[in-house]
Every structure is written in structure tokens, then in C-alpha cells.
Amino acid sequence: MLTLGVIGCGYWGPNLVRNFYSQPDTRVTKVADLSRERLQHMETLFPALETTQDHRELIEDPGLDAIVISTPVTTHYKLAKEALEAGKHVFLEKPLTHNAAESLELVKLAEAKGLVGMVGHTFLYSPAVMKIKELVDAGELGEVQYISTIRVNLGLFQDDINVVWDLAPHDISIFNFIFGSVPDRVNAVGHDYIQPEIEDVAFLTFRYPKGKLAHVHVSWLDPNKIRKTTVVGSKKMLVYDDVSTLEKIRVYDKGVDVHRHYDTFGEFHLAYRFGDISIPKLADGEPLKAETAHFLDCIRKGTPCRSSFLHGHQVVVALEHACRSMGDSGGETAIDYGL
Amino acid sequence: MLTLGVIGCGYWGPNLVRNFYSQPDTRVTKVADLSRERLQHMETLFPALETTQDHRELIEDPGLDAIVISTPVTTHYKLAKEALEAGKHVFLEKPLTHNAAESLELVKLAEAKGLVGMVGHTFLYSPAVMKIKELVDAGELGEVQYISTIRVNLGLFQDDINVVWDLAPHDISIFNFIFGSVPDRVNAVGHDYIQPEIEDVAFLTFRYPKGKLAHVHVSWLDPNKIRKTTVVGSKKMLVYDDVSTLEKIRVYDKGVDVHRHYDTFGEFHLAYRFGDISIPKLADGEPLKAETAHFLDCIRKGTPCRSSFLHGHQVVVALEHACRSMGDSGGETAIDYGL
Amino acid sequence: MLTLGVIGCGYWGPNLVRNFYSQPDTRVTKVADLSRERLQHMETLFPALETTQDHRELIEDPGLDAIVISTPVTTHYKLAKEALEAGKHVFLEKPLTHNAAESLELVKLAEAKGLVGMVGHTFLYSPAVMKIKELVDAGELGEVQYISTIRVNLGLFQDDINVVWDLAPHDISIFNFIFGSVPDRVNAVGHDYIQPEIEDVAFLTFRYPKGKLAHVHVSWLDPNKIRKTTVVGSKKMLVYDDVSTLEKIRVYDKGVDVHRHYDTFGEFHLAYRFGDISIPKLADGEPLKAETAHFLDCIRKGTPCRSSFLHGHQVVVALEHACRSMGDSGGETAIDYGL
Amino acid sequence: MLTLGVIGCGYWGPNLVRNFYSQPDTRVTKVADLSRERLQHMETLFPALETTQDHRELIEDPGLDAIVISTPVTTHYKLAKEALEAGKHVFLEKPLTHNAAESLELVKLAEAKGLVGMVGHTFLYSPAVMKIKELVDAGELGEVQYISTIRVNLGLFQDDINVVWDLAPHDISIFNFIFGSVPDRVNAVGHDYIQPEIEDVAFLTFRYPKGKLAHVHVSWLDPNKIRKTTVVGSKKMLVYDDVSTLEKIRVYDKGVDVHRHYDTFGEFHLAYRFGDISIPKLADGEPLKAETAHFLDCIRKGTPCRSSFLHGHQVVVALEHACRSMGDSGGETAIDYGL
């Protein structure tokens, strides 16, 4: 039996409690929130829960194996550090922190303590992204050349973070997962149309090892919501449309066969292949359920975590450097992970 | 009656001849091409045409009012210059030239001679782009904030020009037309996957006056052909899908109303509007027909040309600087039009 | 304050309880079900509810103003009759009964007692169908000529009713609502592929007054779920796609203008108009919420009910005659409402 | 070398001439049309053609092996009979004739003379329909249960034939080809909204042997053009959308597995399978080219013709009986092929 406490019962917290509740051999016993009203709401939903406004009661409770943190990002570092130092495994909502120095410290602390640190990069547990990873790793697409993502909608405008920090964590996490590597350079351009100095549209281009590219278009200005990721490989191309309900992934069995026929005039020709399109049936699972199960598994078996603190740190660093390039007129910025 | 000669009878030439033929009070009397075979093909299609392998016969023919040039881009400068110097109006296929120095010289020469110089930026004469221009100028979208374009397909790989020179002229021409201005800075990132040093995928971001952005994604690697332009305004958003046959333009009547209610905690809220989508019926006209008619009109009436040599020069300069930024690791490059 | 009791807590019952709960000045105090297990489930969801396995406790409770019945269709007649005779208003899930004689008796009984009898034809309270009704009544489509519906999916095969009784009640209810009249003849053809004598695919054609047609294709055999209603008018055409999340209704502003130009050869020509397509924004409301509110309103204000027992009876009669035509090799069957 | 003459140079005739021209070892030498103007048009397009206003010149020309007839349907019988009696193979545009007695006579005459008689049911030579036939015959869909077709658009209203004769020949031809059999009964309902006694919308249901159904919805009233055929099999379902350019055929790998588990209460359950969707790449060929090649092949090799006069006759008979049912209030009509 694993026993968990949850800090933060806002927007996402009840979802986390409900999902951890539904896992076998697991119980959530305590939740903390600064808001008395949110705690009362939790008591109604889950009558057996103990509630408190003082998160220290959870940190100091020897009966808790792990702490789940679902609070504003500015508090992540402090809370996670306290929990790790008290010997608790930690699950944190994404992004891990708001700067690379703090996220690196958490990576090292979790490692030093031998504790599981996991970030809620939920997409890595979604049937669609897992299917893409499976197809890519099986070589179905050939060599992946570039990935391009559009993630735009009418934004929930925020006054503390820009659209890059709001939306791009998903994409960077997905890129790193699919490529199995991290970007070493980034160019980024953006603009602030609504609120001064808070970019609401941005274009990011990351360079990964072996000449791979990943491009992100994020925006809070587009009334037509789009969530589309295109993975172009040397053999096939895959389009992942997260807004579609029934046809999230389409695989285009077409590609370029390079046939170079140099004749006396130095010309060459490229042959083209076009083929079938397929729309694979995806598994039905809820990503949050798979994610919470994975956290518990990592604790129990000591196996590596798909969205570990290290993964979360790499996302934070990439975001930080993208914003640095944006502030530097889009110039290429080498990404330093501090590792 | 206007009398025209056409130099170059390859891929696009017969189309031009056919369209000029169909215009009232206009005749095409001579065509030139280096290939005897292409000339015979033209004789079959248009028995009344005189044909020659020597383009000088056209340049020197006092009976011709205008020369239409549809040859490889590397020959544009020389041929256009000869024609202008011989006092002929000139219609050139896009792009105007392959470098800014030459295109600027042609702009100045046409102006000095008082002749019409026009570049075949056909999209500016398409019902869809003209509809967008009309909606934008009427203020239907509010203030246009940014335009984003995807123009990708399995490429007709070329060994002399990259994907930017191949596909982006369309987009830059459209941007300049819609905005009614030219970009002053550009960042560009690309990569060469198939042929060394010939980029086959690229991402360009142009900055226009008043903080407007225009972003282009071009690629020769994508089996799923996409031609999509998104125009985001402060009131509405428009999506132009050139691959669709019946529903090329969709207008999303949604937008962000900035309602700032500062309370004592300095918070503010943004209200959202969502509304109808409309798919306007477009005019039926063939772009090439409208384009050729426009050229003849400019000659007859002395009115300004929508895709003048100046417009063509501005596209060439933007392309040149985009490639410069691409060679400079995507750093921001100020665009100098030499004017 | 109106006080309600609910008989039947299966698939749909909890939804009804929840919705009536959320209405102002309304309370649900008792629920009955034969299954002890379902009652315990209800107690968990709604701790304040009294539960019983004996529905007579509700019928005989003088504190209840209305009875909500969500049980198998074969029990509808008996339960509704008991409730009406005890002086309660009655809300019944659709279809009203399984035969016309019983539904007619309920219509007359409710009328004689001066009580509200309402059937849960939920689509009449959906934003999409209400929008269609509004457009049709405003003359936006011109004269409606015919309606055609496809309602197919992989079926929840049932062993007591066929696909016509399962799926077509929705369509007939919608037709009668939009036309503001009832069909007077029907032809129907069907077949039983999976279970003998239980039709799993059927095609029904209803004739309404003034030459209007309504056609229904229902099937349990189609893996690709479709819910599509096309309303063809003399001026415009409307397509309602209930599977779409964001674009449920499309209006095609096209039509046939009959221009008859008889020349000496007796020929004539018809001119065509094609126009814009529009996708109106629909209201956001949940149909079940609007439906339950409407029932309470009808009780309080004595206003007529959109999906009254009479409406429900007309649907039952149409279904019965469609099945009669199906059993009679698709011959035309006059529909007798017994009124 | 086969030598052909073509009677009728209207809408479709030049297409036929062009296609027969492009076949190897084949020549078209003469064309006949009542209109001098059409003949002049043909002379411009094909300078080597002999033209005449008297079709007897073709019938009586001993140098012609076959006659191609592309004239109004009312003249088909007379012209085809003359040609067959003169010993010519005959290719006729669809439908074969306008009544069954005449089409049957042509079937028998061609057979008696040992000549090839073929009807231009072009869909049987289209890549999409051939792909469907291939998938069905290979058992990919399991046992085909029913086919349903929608063929609607804003009509080219005609004053001599109704929408059934105009549009349904395609569907019946396709049904017969896919099923490999002919319908034995039909129910049909229609209505005349625009011109009295010329139905402009109709719903037809054909019954084929072994309980198979085929349903057709045709209309001239719908501004949104639809050409959609759904083939439901016991294992998979296929949707053929002829309006789509790139994704004409979608195969849904889903179906119903009948698992009957009778427990003590007589209940049973059906299990469901859902699976992948695939969009097969179709061959690129032009149907008319394949069709004309097939005609020549049948003449040369004496092999059976896919759209023989018999096939054409079966379509005519089905149309005739559908209209009879329509005139008889939609009652079931047994189809008598007179064979």
C-alpha cells in the first residue's frame, strides 16, 4: 500500500486525487490548500480525506510515501525541495520550475536521495503519442527528419507567463520523447499583441543532433483551435491531430526515393512514391490514469521514469533558451543543460 | 491592337500564349525558343504563329509592343534588359531575377523608359487572394496581427534553387499585397536533407512595420500537400486553404475583446467572443486570364501594375535576405531594398 | 416548490435526477427501482434521497407533484396510468408506449385530468434542432421540400425491439417538429441480418401534407457512426451533422431559380444560384437541462408542452405504421392517428 | 487495325473520339451528326476525320468494324439496330434504351449476330469501383449485407426524363457489378417539386438474392453535391466518396461479432470490434480510356463484356420497374427481365 498526500486542490488537483484513488493498493489520505473553500469542496467529493491549510502537515507526516504537488509554478521549487528533503517521492505538475537553476537542483536532490521525482507531462502517457513513439522506434517512418507542431487557440491570457511557457512545454516534451534526445540549439521569434512584454504568438525552431529539426508555432490569438503535430520521415509521414476525436493519427505511406540518374547534362531525377493512408485505432486509456499508474510503478519497482525530473529539467532549459533567443532578435542560442 | 512576342515555350509558355490569345484586341505573332521541338509543338497548337530559335528576332521586331518572357530565371535579367532597351513592355515569369542587384536595375530601367514591367505573381490575381485583400481592406478582420503560411508537398526537387526560392515567392508576394507594405527584418532557419546545400525545408519569419509578423513554412518533404494561409486579425480570423476546391476561405467570427478590469489585486480579465463561421462564395475567374488582362490594361491605360517590377524586386530582396539569415544561423537580418 | 419522484434508476435515471435537482424551486425526494443495487448507487450519489423497491410508495405519496418514469417501454403504459390516476403530472422517457392504443389512452387520460404529460424527446430541446426550427419558421430556407436523415452506427442490438423503434423515434419527432404537422402515409423496407425477425436496417419514407417528404435510413450495422439530417428548401439547404462537435449546422445558400424560357423548340432552361455557406454558432445549453426546465414550466404556467403526450402518441403511431408497411412488402400505408 | 465510326458529336462525342484515337491499332475515320456546326467543331479538333450529316454513310461503310453511338437515348434503339444488322459491333452511351422491350431486342440481336454490344457504364471502369469489386470478391468485407447510395446535386433539370433515369443508372450498374447479380424486387417513392410529373427526388430500394438490399437516394434539389456509396459487410464497411479527390475509398475495419451467450434469463450479448481505418491508394487510370480499351479487347478476343448489352438491359429493366413502383405508391414490384 502506498499512501499519498496532495498539495494544491485547484483546477487540476481533484483530477489527480480521483485518479490516484482509483489505483490499486494506493490511498490518498491528506490534502492541503490555502483556500478553505477548495478544501471544503474536496471534503464533499472525498469524505474520507483529511484536509489542512498547512502543507507542512503533509511534509512532516511519516505515514505519507509521496507528495503530489499541483500548485502555481512559482511554488514548485520550494515545495518539492521540502518534500524530497523529508524523504518523500514527488509528483509535480508541469513545468517542473520556472528556471533552470532550480530545476537542476531538484534533479540532483532527488537523485541524491534516491527518490522518484516525476513531472506531469501527460502527453507522454496518451495513446496517440505512445503510438507515434512506437511507430518511430519500429522504423515505420524511416529516419525522422523533422517535426512541426501547431498549438494555437484563443488563449487563456495570463499575466505572469507568456505563450511559450504556457503551451510549448507540451511540444518540447513530445519532441524529446520521440527523438530520444534533447535539442542543442534554438531560434525563436515572437510578439506581444495584447499585453506588453507577454508574447502571445511565437515561432520556435529547435535543432536536435543529426540534423533533425523541430518547429513550434504557439499562439493565444487564433479562434480556430489547432493541435497538430507532423512527423516527416524518410519513408512515411505522420500527422497527429489532437482535436480530432476519432482520427487522431494519419500515416501517409508516401515518400521520396532518391534516384539519382546523372546523364551527360548533369541532370538528375527523383522518383516519387505515393501510397496508402492509414488511420490506426488507438488504445482507449485515459492519459492521466496511465500517468498516475506509472508514478506508482516507478516507486514500487525502482524503474526509470518516462517524465522524470531530468526530462522536466530539459524542457525548462529549452523554454528558457527559447525565450532568450526571442529576446535576442531570434538569434541562434546554444542550449546549456548545466549537466 | 497590341502585338506580343513570347520568349520561352516550355512548361508555362503555351499557357501564356493561350491566355494572351483570348484577350480582345491583342495578338501574339512570334515565339522564340532554343528547342526546335518546342517550337514545332507551338506550331501545332497555334498554326498562325511565327517561330524562331533566335530571340533577337523578337526584340528587334518593330511590330511588337511587348515581350513576354517565360524562360529559366537565370536568363531573366539579360532578356528583360534587352527588351526594355528596345522599347518593349515586358511581362516576366516570377521570380523577377535571382539577385537583388539585377532586379533593382530592371526596376530603374523600366521606370526610366516609361515602360510597363510586370512579374507573373499569379496569386495576386486569384479570386481567393483578392477576396482576402478586400476583406482586410474593409476592416472585416480588424487590425491584422499576423499571417502564417504552410506550403509543403513532395517536392519537384531542383538542383539549382532551394525550397525557399521555389515556394516562398508566392507567400512573400501575398504578404506584401495583403499588408500593403514590405518586411524590414527576417529570421530564417532551414535544413538540407536530400541534396547537400540545397535546403528542402525552411521556416521564415518576416517582421513588417507596426509589429506585424508573417511566418512561412516551406518544404519539399511532406507527402501530404498543404497550401494554407491563416490571417489573424484583432476581430476575426481567416483561413485560406488553396487545396480545397469548394471551401477555400473560412472566416471565423471570433476574437479577443480586451476588457481590462483592474481590481485591487491588479488582476485583469479578458473576455472572449465566439461566433459564426462563414465560407464565402468566390468568383470563378481563372487567375492567369485576369493576370494577362491586367498587363494589357496597364499598357493601354498607363495605370500602376499590381505585380510591378518593383513588387517583384521586393520579393527577390526578401528571398535573398531570408537565405542570408539561413546562412547566418537564423539571426535577424535587416532587409535593404536598395531604393 | 415542486416535488418529484423518479421511477427507474437505470441508464438514464441518474441523469434525470441530477438535472431535476439542479432546477430552482424543485426537489426530488424519492426514487424507486426493482434493483436494490441501483438504489444503493443512487443513495451514494444523492445521500438525501429516499429509495424504495415499491413504486406504489411514490404513486401514493401525497407530497409528490409529479412522477418521472425512466423504465423499459413495456411498463410505461401501466406506470403512467397509475400516476395520472393518482393526480400526478408525468414525465416519461421516449417512446411513450409500444403501441398506439395505449398511447392514445394516456393522451386522453392526461387531458381529462388536466395534468401535464410529457415525453422525453430530448432532441426538440437541443440547440441544433431549435436553430433549425427557427431558421425554417423564419423562411430562411424558403419552402421546405424534403428532409432526409441518416442515423446509423454499430448497434446496441436489442432482442425485443427493432432498429426502427430504437432509432427512428428521434427522426420522426424532429420531422413533426420542423414541419409542424404529422405524416399521413408511409412506405418502409427493412431487413434482419443478425437476429431473425428483428430488423437491423430499414429505410422509411413518410409523406407529409403539401407534398413534403421525409426519409429515414436507420441501421445497427454501420461501423462508421452517422447522425445527419438534410433539410432541402426552395431557397437554401441545411445540413445538421450531430456527430460534429463544432460545426453541427451548415447552411448552403444556393438553390434553384426556375427560369423557364420556352423557345420555338420547346426547350427551357433553369438558372442556378450558388452562394455562401454559413456555419452558425449554436447556443451552448445542455438539452436535458432545457427539457427538464420545460416540464417544470408547463406544470407551473399551464403552457402547452413541446413534446406532449400527443406528440409522443403521433410518433408511436408513425412507428407502428412504418413497421406495418415493412411487414407488407413496403406498400404505402395510410397513417391513422385514432383522434 | 480496327476502324470505327462515331454517330453523335455533342457533349460526350469528342471525348469518345479522343479516347478511341489514343488506342493502339485503332482509328476513327468518320463521324456523323445532324448539326453542321458540331461537325465543323470536330473537323477543327481532328482534321483527318470525314464528317457527314447522314449516319447511313457510316452504317453502310464496309470499311468500318464498329459504330460508336452517342446520341439522345430515344434514338439508341433505331441506330443500334441498324448498325447490328449491318454487321457492326456497337458501343452505346448509357442507358441502353428507354424501355425494356427495345433493350431486350438489342441484346438478342447482338447475340444472334455474334457481335459485341457494349453500353458506356463508365463507373465499372473507374479505379474506385474496380477496387471495391476486388475487395468484395476477395472477401475483405465479409458477406456484403447492403449497399446504400446518395447521388444528389443541383440538377441539370431535364424535361423528358426524371431524376431516376438521369442519375440511378450509375448506381444500379454498380450494384449489379458488385453483387454479381440482379435485383428481383423494388420499392420506390419520389416526388416532383419543380416540374409536374417529372420526379426530382426519389428513394429506391432494391432487393437482391440472399436478402441483400441496395438503396438509392437521388435528387436534383440539393445544392451540396454528394456522390457517396456505402457497402456494409459482415466484417468491414467501405465508404466510397466520389467527390473526394484524394481519399475516395475508406475501409472501416470494424464489425459485429455475434457472440450469443444465453443465460438463464434468456439475455444475450453482442461483442463489438472496432479497428483501423485505411484509405487505399487507387490506380490513376482514366475510366473512359479503360472503357474504350475494353470494347476493343472484346472485339479482338471475343471475351465477355463487363457492361454488355445484357448488363445495360438489366439496368433499363430495373429503372422501368422502379418507376412503376413509384407510380404505384411505392408498392413492391417484382422485376421481370423477360429473359
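Going by the order they are written in, the chains are A, B, C and D; count residues from 1 in each one.
One rule holds in what follows: a residue touches a chain if its C-beta (ideal position, glycine included) is under 8 Å from a C-beta of that chain, and two chains touch if they have at least 3 such contacts.
Quick caveat, the model's predicted, so the values are computed rather than measured.
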| item | value |
| --- | --- |
| Required steps from subunit B to subunit D (each step between touching chains, minimum) | 2 |
| Per Cα centroids, the chain farthest from subunit D | A |
| Separation of mean Cα positions, subunit B and subunit A [Å, integer] | 39 |
| Subunit B-subunit C separation of Cα centroids, rounded to whole Å | 55 |
| Distance from subunit C to subunit A - Cα centre to Cα centre, in angstrom | 44 |
| Subunit A, residues touching no fewer than two other chains | 274 |
| Chain-level touch network, classified as line, ring, star, complete or other | ring |
| Which chain pairs touch, all of them | A-B, A-D, B-C, C-D |
| Residue ranges of subunit D in contact with subunit A within the complex | 247, 253, 274-281 |
| Of all residues in subunit C, those that touch subunit D in their complex | 145-146, 148, 154-155, 157, 159, 185, 187, 189, 191, 193-194, 201, 203, 205, 207, 211, 213, 215, 217, 219-224, 230, 232, 234, 236-237, 239, 250, 252, 254-256, 258, 266-268, 270, 272, 274, 329-332 |
